[in-house]
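In order of appearance the chains are A, B, C and D, and numbering begins at 1 in each one.
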Amino acid sequence: MSEIAWNRYGKAAVRLMKVDRSASSDVVTELTIDVRLEGDFEAVYEGDNSACIATDTMKNTVYGLAREAPIGSAEAFASRIADHFIRRPAVRQVRVSAIEHIWTRIGAHPHAFVRSGGEQWTAAVERTSASTIVRAGIGNLIALKTADSAFSGFPRDRFTTLPDTDDRLLATAMSAEWTYAPGFADYAVRERVKAALLEAFAAHRSQSVQHTLAAMGRAALDAAAGIVDITLTLPNRHHLLVDLKPFGLDNPNEVFVPTDAPYGVIEATIRR
Amino acid sequence: MSEIAWNRYGKAAVRLMKVDRSASSDVVTELTIDVRLEGDFEAVYEGDNSACIATDTMKNTVYGLAREAPIGSAEAFASRIADHFIRRPAVRQVRVSAIEHIWTRIGAHPHAFVRSGGEQWTAAVERTSASTIVRAGIGNLIALKTADSAFSGFPRDRFTTLPDTDDRLLATAMSAEWTYAPGFADYAVRERVKAALLEAFAAHRSQSVQHTLAAMGRAALDAAAGIVDITLTLPNRHHLLVDLKPFGLDNPNEVFVPTDAPYGVIEATIRR
Amino acid sequence: MSEIAWNRYGKAAVRLMKVDRSASSDVVTELTIDVRLEGDFEAVYEGDNSACIATDTMKNTVYGLAREAPIGSAEAFASRIADHFIRRPAVRQVRVSAIEHIWTRIGAHPHAFVRSGGEQWTAAVERTSASTIVRAGIGNLIALKTADSAFSGFPRDRFTTLPDTDDRLLATAMSAEWTYAPGFADYAVRERVKAALLEAFAAHRSQSVQHTLAAMGRAALDAAAGIVDITLTLPNRHHLLVDLKPFGLDNPNEVFVPTDAPYGVIEATIRR
Amino acid sequence: MSEIAWNRYGKAAVRLMKVDRSASSDVVTELTIDVRLEGDFEAVYEGDNSACIATDTMKNTVYGLAREAPIGSAEAFASRIADHFIRRPAVRQVRVSAIEHIWTRIGAHPHAFVRSGGEQWTAAVERTSASTIVRAGIGNLIALKTADSAFSGFPRDRFTTLPDTDDRLLATAMSAEWTYAPGFADYAVRERVKAALLEAFAAHRSQSVQHTLAAMGRAALDAAAGIVDITLTLPNRHHLLVDLKPFGLDNPNEVFVPTDAPYGVIEATIRR
């Protein structure tokens, strides 16, 4: 005998571009949206589809809701989608997540845009009939320090070969996700959060990635009162100093090999 | 004021190739390994590294342990790594995951191999001082049914346009992860699990992806007594029937467009 | 003043799945197709579209032609598409390329399939009104030798640190593209070409990647009389022997780090 | 009998980060470099390595040359590498290409940087003993127009279903590569080229992608006298207007689905 111990389903990678033509200059919003439902769907697994909202309907709903009202922000639009689905029979929990691809106007042109940066904005809403949690974040924000980064005093065992250093390159492709206080909806604070993360990264005298992560998380909480916690994930993209001695050359911390694998990864949640 | 509410760190993407040259024909094992630690590491976030096992040491440990004994299997090797780190001070939980890249001998050649399939084998060990949980899995197993797949009887609302169908293509790039019973170590059952999943996929008269997922999960549990649960993730890689009527042609379920986005995604855990 | 010195356009990534239901067991063919045209299209660049076959029409044509006759093979279907477009006004050259994603029947099930291997079959047809050149190939065929691979005797300068070796791992993700003799159409030889390439790779006592590439190319020409030349591209996916001495361990050619970057790349065309 | 009809080899994906610490604020340059040689290497294919410069030596050379002098620019550094290898025996042609990953200072911090944009700068040098050709370019520059883009008047046949339109979204991830006049070395013009490409894209009243491509190419040539030609590749990233009528909604050019496949691709070289 066996049972369905847990289940979830939905539509992933619903791609949406909305052009707001209501002013003299267009505004474009591009989102990739993911809708997931949990609820009383066990019968579907036995072949009874009477409760199974088609994932095709989820996709259509995203486009319909996009037309019916302004997007506003990724957080607000994800909330609208979650509100729609939580009212459907059998649904007990909705999770809507969105990635926002940011466009910047080309000069003063009212109808032309260029994709800015490689980083992504994210939003995620978890909705039950009783509660709504709204999170937002940044992904793939790539940053580098060429000074003020040390790593020493760590424990040594037979497998430890890394020397203590007080001057290494520190590079990361960070992601951050923070939780808004219930009812807080000034989602424009995300620019302030990003600025605080970068400023703290740049200014910190780092003893480790963990040390810098904590400084960044605190700076983000300080910058935006509406945030209750922030989770930071900092891959350590190692840059190896090249040994140039065989060529009769020194290498005073100048020439490095950026590497992809392996990489350290440091994650923590800082809570107010 | 703020606090570190949660933290974890480790080394990701440690790549290992081991050649066992002890017999007349070589045996090769290729793994990509990820080590993550949780424990009493809060001081690290304040700049004190005395408890912070360097992730570089984690990488070295993988290579040292690979040399000291045979790999055995991805599950067994991940367990050995977890056993090593759980004994270190400050560590309260170790998670080691591994992806195995499978090689097949070329003909009867003792020293030549070709990469088999696009699917991956995975192993994951969660270790505390009190318990060990071993999971294994398959990723990216791509399968397709050209008959015996229906989807009808689902609820309709104003955003529903999908017609009922009793004859659609069903394609997926499935992943599965199952949990071994405590102490069970016959990891060779994974071939039986894979065979059971594919056979169930092929033979099932599907009313929905959920319906087929449940049949597959039950078949896997039936095939391998040492497994206590299995989680299946089945993206629904939609194949859209092309409308050929504008060209004066019919299309009796023959010509389809495979699509990547959006896609449905169905996940469930089946427990014995 | 300026001029259009060269131009080409077309539709890329047209994805097609055809199910042949004419026998008791279905046969599925999945292709990703790319159509490119060259010709008298200069006026299009001045804003006159009267000669500009829409790339949307190219896509529709692929689906229409797929319905009207059996696919046959990637080579034959690409040829049919090229024949269609070369007859259109303004077109002087057509290039159609196709990637075939291979499916294998699951057991004896007439309607269920699994994606085989990670390698891809390719076909490319270049068509003018006067000539047709048909090429076929394999991409991403990943192979490994654990013996019979040396590299020594190469020139040394101040930047050379690589030691001579008579026993290294040789790994590659090869691609091959061969040209069929005019009129030759027995495209099933590609299985023989693949087998010859792998057998030569496995059996060769390699002095360098170049040395093995030549042996493979000759083996392919020997295996298939209808082929006039073959171009092989062999990335050298370096596997670095791990230095375990700091841990008090030897490493008798057993424990390696597979690396992605940098990589050597060796390309050559062998002509009959 | 068979012969080596053509051959080339080298090292790809050599990753380099150089930190220039000579001023109060650091300057960082990150490049991914590819070196390819052609020449009298046929004997290598027979197992004689006496002329075969090891690709490992190529990698070392990149790092050594990076230390010995300032990088200057991707174009200048690629030229230095090419000059080094063209003087080696057996070498008849060197091609060095580089991708530059651009970093921007964080505020006024002298040692902290953030990766700018998603686009890449490229450089490519082709060197023989008699000549040097230097090219530079931009890759993955993503741009969008929400007005002033039409496509009509194209030929119609039985496979044509695309309606004429005078108002579509035009989106592209352009790449450009231009050739510098012999001896021209003011590589800083690339910022002017980029600005001219974007301005032309934004301002153009487009009758087709080809039409806009030509305008962009001419604008680039006008902006930088040292450039003799420019090749532009413009994928047409189709944005499909969603049909909202089934939901009782209109869609006045507001809600679109961005798509990845298939895509149009338009390429041309504009020569002064």
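Following the convention adopted for this analysis, a contact is a pair of C-beta atoms (placed from the backbone, for glycine too) under 8 Å apart; a residue touches a chain by one contact, two chains touch by 3 or more.
For clarity, every value in this text was computed on a predicted model and none was experimentally measured.
Chains making contact with chain C as well as with chain D: A, B. Summarising the inter-chain layout, the chain whose CA centre lies farthest from the centre of chain C is A.
Of the two interfaces, B-D and A-D, the higher number of touching C-beta pairs belongs to A-D.
It takes 180 degrees of rotation, in steps of 5, to superpose the Cα atoms of chain B onto those of chain C.
In this structure chain A contacts its sequence twin chain B using mostly the same residue numbers, the overlap exceeding half.
Chain A and chain D have centres, each the mean of its CA atoms, that are 29 Å apart.
Rounded to whole angstrom, the centroid-to-centroid distance between chain A and chain B, based on C-alpha atoms, equals 23 Å. Look at where the CA atoms of chain B average out and do the same for chain D: the two points lie 37 Å apart.
Looking at chain C, one finds that residues 15, 60, 64, 158-159, 161, 246-247, 260-261 touch two or more other chains. Against chain D, the residues of chain C that register as touching in their complex are 1-15, 32, 36, 41, 44-57, 59-61, 64, 89, 151-155, 157-162, 207-211, 213-214, 217-218, 221, 229, 231, 235-236, 260-272.
Every residue of chain C that touches chain A in the complex is listed here, in rising order: 158-159, 161, 246-248, 260-261. Interface of chain B with chain C (complex): residues 15-21, 26, 28, 30, 60, 63-64, 66-68, 103, 106-107, 109-118, 141-148, 169, 198-199, 201-203, 239, 242, 244, 246-247, 249-259.
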